[in-house]
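Here the structure comes first, spelled out in structure tokens, and everything after it is commentary.
Labels run A, B, C, D, E, F, G, H, I and J following the written order; every chain starts at residue 1.
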Amino acid sequence: MLFHARMDVRIPHDLPAEERADIVAREKAYAQQLQREGKWPHLWRVVGEYANVSILDVESNEELHDLLSGLPLFPYMDITVTPLATHPSDIALEQADPGGAAS
Amino acid sequence: MLFHARMDVRIPHDLPAEERADIVAREKAYAQQLQREGKWPHLWRVVGEYANVSILDVESNEELHDLLSGLPLFPYMDITVTPLATHPSDIALEQADPGGAAS
Amino acid sequence: MLFHARMDVRIPHDLPAEERADIVAREKAYAQQLQREGKWPHLWRVVGEYANVSILDVESNEELHDLLSGLPLFPYMDITVTPLATHPSDIALEQADPGGAAS
Amino acid sequence: MLFHARMDVRIPHDLPAEERADIVAREKAYAQQLQREGKWPHLWRVVGEYANVSILDVESNEELHDLLSGLPLFPYMDITVTPLATHPSDIALEQADPGGAAS
Amino acid sequence: MLFHARMDVRIPHDLPAEERADIVAREKAYAQQLQREGKWPHLWRVVGEYANVSILDVESNEELHDLLSGLPLFPYMDITVTPLATHPSDIALEQADPGGAAS
Amino acid sequence: MLFHARMDVRIPHDLPAEERADIVAREKAYAQQLQREGKWPHLWRVVGEYANVSILDVESNEELHDLLSGLPLFPYMDITVTPLATHPSDIALEQADPGGAAS
Amino acid sequence: MLFHARMDVRIPHDLPAEERADIVAREKAYAQQLQREGKWPHLWRVVGEYANVSILDVESNEELHDLLSGLPLFPYMDITVTPLATHPSDIALEQADPGGAAS
Amino acid sequence: MLFHARMDVRIPHDLPAEERADIVAREKAYAQQLQREGKWPHLWRVVGEYANVSILDVESNEELHDLLSGLPLFPYMDITVTPLATHPSDIALEQADPGGAAS
Amino acid sequence: MLFHARMDVRIPHDLPAEERADIVAREKAYAQQLQREGKWPHLWRVVGEYANVSILDVESNEELHDLLSGLPLFPYMDITVTPLATHPSDIALEQADPGGAAS
Amino acid sequence: MLFHARMDVRIPHDLPAEERADIVAREKAYAQQLQREGKWPHLWRVVGEYANVSILDVESNEELHDLLSGLPLFPYMDITVTPLATHPSDIALEQADPGGAAS
């Protein structure tokens, strides 16, 4: 089950440099582990911003919240989640259902 | 080169049903041709809305505008385009550059 | 799996009265069937507005989109979906996990 | 009488950890007491955010404000209250009034 | 129990003049009846806009929604309802409770 | 001459407790004096928020600004002022002018 | 007593040309009469928009609403009114009160 | 050449009182000098807010930016600039061009 | 003197095709004449939208409003104008003033 | 390939003056180097704001993000990027394609 998430990072400028570096390093390790497990199939940087656009693949809303609230940067991010469904024009649907509404 | 696009469809309710059906059918054929050509690698429905989230893969801004303005539904959609870049935590980067900033 | 939806109804004032009455009647029957099936456990009117706040209980994002896009009023509503998870202060969790963060 | 409330928690990052932990613990106890008293029938976490969606059941606006302003996290939350009414398509109304407008 | 409501009137310009005049006349009669019954203690025009600010005094959310959705102009208004409570600095509270927080 | 004002209080969390208590106490005294003088005929708490909705009755814009900028909490409030006029459906107008447009 | 008003004109494109021309001509005559009476001391066009910024000088809120709602274009304008007061740095105040807070 | 500017002052509450007083005093002197030079023909206080509405009269965009960025309060203000032009209904135009479009 | 303008085109879908084609053809001729005169040095399409970003070079606000309000598409566009000044980091300033503040 | 960027600078007022001066000096040197390389063909100051409007000319989204995230002021700016394409009314297109849609 796919979800779209946009995450905007806003680390306070007076956070000690060491604390910041530690959080960012743990964030990277955590994000890469989830990619390897197939939970986080897409992760892109938004050009010109300290933000990302992500696609998450989870079993449930509960699992998604656990995953996101476990991010080391969670306290410093604004996250917006959008549930996704299969689009009727997706060519992966073609064999099963060659008709349907577009866009 | 990847771009994120959100497209919200707003077809006027007084558009003749035949004209509407024709536009929607041509939209689907056009969208599927672009998927087959690899220009439109991801296309998802936003749950509960007549809208989609798309990832487009093009050579240039010019090509992207030609592609989007050629959509049969283009006159009836609000489209927002966001340029994407590789995220430093993307595991595809691991072999080349095993360090870098997260999120 | 629970989702929160707010639905704002905007029926064009020039829709023929008969067509409008037919849509509204089918909407009611459809909404009541889903309540009886347990898919739509809560449905409230927003005071002073032609809008509702709903809680839907479905197996997946796909099922939720099918359910919502099947609403007879779907073409005339702005719907915003928010995925929900169990709150750590929910007393239903008390026996299993008597600790955890509030709010 | 039912009210919908969305509460977004924004604890300043420089609040001492001990003070924060104390507030969060008292918040949980307070929220659970109100659930047991039937004043707070529903409490859900918004997926991906430090926020909740709640349904409160009170006798009056005065009681609701007392309840909300008594939350230990009240100084650190943005709360939006929406009054709710029975929806005409609610199946609980079926026996009394089998007609009425939908959605 | 007091509620604040702001009502913005947006009558479509192509509504037949006779239908419009009829609605506006019925709106006035209805609003005045509610004032006489004490349900609508304050009604002010917003300067420069076809809008009003109102204070309603009702027994419940249900009564308020019935009152507002019964307005002849209801289909042509955007209404925003805000529940009100007694302010701790209100001098009407002085005898009972001469202390409390301001603003 | 009546004005509507909404005041949202945002006291910085690191303001010393003593300073805060002093400001809030002076605010209350000031607000009550203005109520007794008839300048501030209505003052309500917005349910669930540290905010109020007020009706002020003054001779001029100058007097209103002096009154509001004199509030001890003025530096910590976002205030929005809306000028009000008599509504044509106000029953107080009935004897003088029994006609006029509604809402 | 001065008020700032911004007026954005939005005439429906399907209003008959003759009706439109008549309204615009009456608007001009009305605006010029008010300028001659000293009620409308400043009237500027916003560059690139069918909109104006105005300063009105009236005795009361009632007079201002009568003036604005009497504009022939009133049904086709979005008007936002802002009450103004003398600024403490205004040099017209210098002789009377040579001190005071800036900006 | 006229420009409209709205300036909202947001001085951080932890700015030392002496520094604040010095900035505000210099702001006043600077604003009054520009008024005397005819560059700042109108300066009004927005009722209920620490903000002003101004009309500036300058030779060019460059001069306007130099003037505004030279304000001692510039680092603590949100400024929005709107270019103005003569309105076709301005009575000052009457002798030269007695026709033209209104509003 | 440079101005930035963003123009969003919103032609009503029920405008007769012939009228629309005529307006669009006249718009193109007009835009190209202004480019040849050096008044409109830059004109770009916003990718994915029926909108442009433009840089205009004019003598005054008056000239700019005349230019923009003369656009055949003016009644069907939302235009936002932003005045521009030389940036202190512009390398064209280097010889005259090799210092100054950045960004 | 051209991109439009608006950059709003928001340096915290409690950043040490020396650190601030160093960042601003490095920003200027960096911006000028990119101008000399032809990557940043246009850079304008927004009148009345600590902000700029820029046109960047790069090979790809990746290059643009590297360029922008390398700005010394990047942590203190809100940047919004908009991809641009050739406008069909651009006179540079005239010889190749003398037709096409306007605006």
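One rule holds in what follows: a contact is a pair of C-beta atoms (placed from the backbone, for glycine too) under 8 Å apart; a residue touches a chain by one contact, two chains touch by 3 or more.
A quick note: this is a predicted structure, and the numbers were derived from the prediction, not measured.
Engineer: Stepping chain to touching chain, what's the minimum from chain B to chain I?
Structural biologist: 1
Engineer: Quick one: chain A and chain I, Cα centre-to-centre, how many Å?
Structural biologist: That pair's centroid distance is 38 Å.
Engineer: Just give me the whole-number Å value for how far the CA centre of chain A lies from that of chain F.
Structural biologist: A distance of 45 Å separates the two centres.
Engineer: Please compute the C-alpha centroid of chain F, do the same for chain G, then give the distance between them in whole Å.
Structural biologist: Comparing mean C-alpha positions, chain G is 25 Å from chain F.
Engineer: Pull out every residue in chain G that's touching 2 or more other chains.
Structural biologist: Counting only residues that touch two or more other chains, chain G contributes 2, 14, 45, 47-48, 50, 61, 64-65, 81-86.
Engineer: What chain pairs are in touch here?
Structural biologist: Contact pairs between chains: A-B, A-C, A-D, A-J, B-C, B-I, B-J, C-D, C-E, D-E, D-F, E-F, E-G, F-G, F-H, G-H, G-I, H-I, H-J, I-J.
Engineer: Within their complex, state which residues of chain F touch chain H.
Structural biologist: Those in contact with chain H are residues 5, 12, 14-15, 61, 64-65, 68-69, 74-76, 79-81.
Engineer: Touching chain I in the complex: which residues of chain J?
Structural biologist: Touching chain I: residues 2, 4, 7, 9, 24-29, 31-32, 35-36, 42-48, 50, 52-53, 55, 71, 73, 77, 82-91, 94, 100-103 of chain J.
Engineer: Quick one: in the complex, what on chain A touches chain J?
Structural biologist: Per the touch definition, chain A meets chain J at residues 13-14, 45, 47-50.
Engineer: Under the definition above, what is the set of chain C residues touching chain A in their complex?
Structural biologist: Touching chain A from chain C are residues 1-3, 60-62, 64-65, 81-86.
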